[in-house]
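The following block contains the structure, expressed as structure tokens.
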Amino acid sequence: MKLIVRAELAYRFPQPTPVIASLEAARSADQRVLTESLDVDGVDELVRDQDPATGERRFRSCLEGDSEIVYQAVVDNGDRQALPADAREHGWADLPAECLPYLLASRFCPSDKFMRFAQREFGGLATGGAKVHAVLDWLNTYVDYVSGVSTPETTAERTFVDRAGVCRDFTHLGITLCRSLNIPARAVSAYAWRLDPPDFHAVIEVYLEGRWWMVDPTSLAPVEGLVRIASGRDAADIAFLTSTAACDCRKVAVSVKRAVERDGLDAD
Amino acid sequence: MKLIVRAELAYRFPQPTPVIASLEAARSADQRVLTESLDVDGVDELVRDQDPATGERRFRSCLEGDSEIVYQAVVDNGDRQALPADAREHGWADLPAECLPYLLASRFCPSDKFMRFAQREFGGLATGGAKVHAVLDWLNTYVDYVSGVSTPETTAERTFVDRAGVCRDFTHLGITLCRSLNIPARAVSAYAWRLDPPDFHAVIEVYLEGRWWMVDPTSLAPVEGLVRIASGRDAADIAFLTSTAACDCRKVAVSVKRAVERDGLDAD
Amino acid sequence: MKLIVRAELAYRFPQPTPVIASLEAARSADQRVLTESLDVDGVDELVRDQDPATGERRFRSCLEGDSEIVYQAVVDNGDRQALPADAREHGWADLPAECLPYLLASRFCPSDKFMRFAQREFGGLATGGAKVHAVLDWLNTYVDYVSGVSTPETTAERTFVDRAGVCRDFTHLGITLCRSLNIPARAVSAYAWRLDPPDFHAVIEVYLEGRWWMVDPTSLAPVEGLVRIASGRDAADIAFLTSTAACDCRKVAVSVKRAVERDGLDAD
Amino acid sequence: MKLIVRAELAYRFPQPTPVIASLEAARSADQRVLTESLDVDGVDELVRDQDPATGERRFRSCLEGDSEIVYQAVVDNGDRQALPADAREHGWADLPAECLPYLLASRFCPSDKFMRFAQREFGGLATGGAKVHAVLDWLNTYVDYVSGVSTPETTAERTFVDRAGVCRDFTHLGITLCRSLNIPARAVSAYAWRLDPPDFHAVIEVYLEGRWWMVDPTSLAPVEGLVRIASGRDAADIAFLTSTAACDCRKVAVSVKRAVERDGLDAD
């Protein structure tokens, strides 16, 4: 699917503040960035990083006063497919080395604590695909999508107790349960077509049957409309802005539209 | 039921150490202490406290070196009854004032975090008695009795995730769920007939239909054989020994036998 | 000092909601309530509790829709004295039984974790009074008074790391350190003369040399102008409103003025 | 320095259990593995991973019953230098991209919570080197090396409160404080010459003035005798054995000796 993504962020920094921003669509194997532009007002020079292995990108700068960041791109995100229920899981010895970090507990995803629950609830299912689908169904049944219940410090353990949260919390709890089942799972930040209201989105990616599969634990956006920004162990790795000091966020506006071959944008 | 309880504790204190001990059977409205003896070796003088409202007792001393504490009593614990499923719950405005602290979250029982889960899982049931029985069934189904999983710092939140623990953990999680349902619930330390292996026991007490009812969330000991020692918000309030410094616990031996009218002890 | 205290609270309750309110000046040994009035609009009948031992009061009701609570009283808080640096501490065996709960760790005051720090930092001082003053100095030096850093779930452990908080957090950390030093310490909610901006206040009370002493860990209000509302192990016990469901707090207005014998209010 | 390292581990696995082991000396830029052998008894086939960027290695297998793992190597760890106090720190925009993950909070190193403390305590120092040395001095002064206080779940937040721990805890707290000062810091597992008693060791590595520097927050082993095994955000990344299920560890024996050119081993 060809998508036009746009993010406008405005911040006020009371003092010169180093930042790392993760906003750009990844130049990863599963999607192509056709055109893009990035403007950070008042800044001539950005340090831009691209991970050679994943194609994920970040930029670094030192911002001061009122700063506006505008990113726009046209991205072909290929043909994202829904995870089949019969997707086979790998043994540990049979995984690519780069998947191993995503088996381990991380700050917001303490999967080592959930072994007993996860095995009892999902362990008996035949395939990795069936297990992940059962985790998604469980989230959908037992956790409410509610804003304001969680904070940036909320862990999957807390969401499991609270039974409520936003996309970040659903993603953390879903990742945690998958890792408890010995399935590599990571967090992906994304632009999401048809997400309403539009915003940055967080989804889960699991490694089964030789590849990574994106799934949306909130069911709020279709997988075929997801544009990958960055991936990591949990939300801390993929924040769209990380800074050394508190700053005042004044605007986060995201839009994702489908590009139509001849006629420009479609109605979405 | 008439019961003979005995506790022998041995500690080594590297230095003179103030302690508070909660071992004596309560002289409460629901049981009678017929005879008893308390020996703390090497100590002539104990400060002995009895709560005028509850009849619960503690003694205080300063122990040093090797200390052995032996408590023995014959107690008639009356006629403890099982909680009926139709026991009615009280509105907040309709509770005795002394029940109110047991509605609130406490350190090991953070009931304020469990509202959503408890209401969804148990909230629809008709009576307080039915709700408490459903909580006990849930614990019995979803939590495993396993030693070594928990520590003295384990909270009900952690046990809810771990799905395993010992009597203290079952009691904390059960109390937490009851309080989330607006039912006053407290922890009770007890001598427990037929608990195997014998040890101090922790059970739940809930306030329904005008009185407190003991229930054993582990189902390891019959309610009719429980001898109350102390009650509190959670295990921290009812520890059998609290001291200002770490000490070396060398022996905890508990026995509970049924006294038979004419012939001495019965076979239990 | 004779003080006129007034609190106006307005809430919106989406549904009929049981509440427990702790707003009334205590009828305790250390202060006299000369006159008072309590109005809860739309409610004819309140359940009013008074603790026979402490004279602390609560009322219970079930509120619905827009509710306004107005409490006003004239209180003579006697002659509150500053804690002398040479106030002696008691051994555990030498304390009144009612002080013992305030030696133990509680939810927001996990004093059992702070033993090593407290002993090293304050343990060498000669008297309980000197230790408490050193704790207050430490708080004043190393913790910043900052709103918005903490939440109702913030524990003393977290404040010790964050090094910032509001009166509740200072109180919790101060209590924790006192208990780690084996000094009984509790939280007191109070009306506070000259607190700016006016609000409910939380302070510490320590038991030394045979009596309780109030100290303000924030140094924001003079001890002689404190009117006691309630005391407890930590903030959870003394919340001015506890309810079974979330409600919308629309107004909290507190005022404390000094009553002058003949001429009405003074200039404060 | 040329060192002969040897590790013998024995485990009992009640069922076939996938494991990831991180025991081998890294083939990193700062050291050379001259000879080595690895035996896992009863296993013919190991999956062996080597990170192309760092030279760190892991092996994977599925173990069952009694398993013994013996690793031995002769390693030239080059000429490890002590961190100079005047080593300059980098701005965020001036760091190699591969350092960025080590600026962020991780599970056991929640550096985002320590900003205020770290800045007040260490922030005024002139250089990154001076800051790191001040952190090490602080750890040495205020934290006690004590076994049994911490568990595998202990975070730097907890160690900061407890003021006691083992090498893992010192490393976590030191890393946390460095990251709070915006200095990239990571955990390194190592064989450590002259560590007494011999064991696997955990140390800190900070990035200053264009390179990584190892420092030992416990001061128990000289930096020039450290042989790198693996590095990561915290201890979870560098565990010497990670398994999908609990297993029984029956032996961990480590030895590190200095190799002497002509005459075999020296006296250490």
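So that you can tell them apart, the chains are marked A, B, C and D in the order they are listed, and the count of residues begins at 1 in each.
The rule is short, and it goes like this: a residue touches a chain if its C-beta (ideal position, glycine included) is under 8 Å from a C-beta of that chain, and two chains touch if they have at least 3 such contacts.
Remember, predicted model here, so these are calculated numbers, not experimental data.
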Co-neighbours of chain C and chain D resolve to none
Distance between the CA centroids of chain B and chain D (whole Å) is 44
Chain-centre distance (mean CA atoms) for chain A and chain B, in whole Å, is 46
Averaging C-alpha coordinates per chain, one finds the centres of chain A and chain D separated by a number of Å equal to 30
Chain C touches at least 2 other chains through residues none
Pairwise, the chains that touch are A-B, A-D, B-C, C-D
As the complex stands, chain A meets chain B at residues 113-114, 116-117, 120, 142, 144, 157-158, 160-164
Within the complex, chain B is touched by chain C residues 18-20, 47, 49, 51, 58, 60-62, 91-93, 97, 100-101, 103-107, 110, 182, 236-237, 242, 244
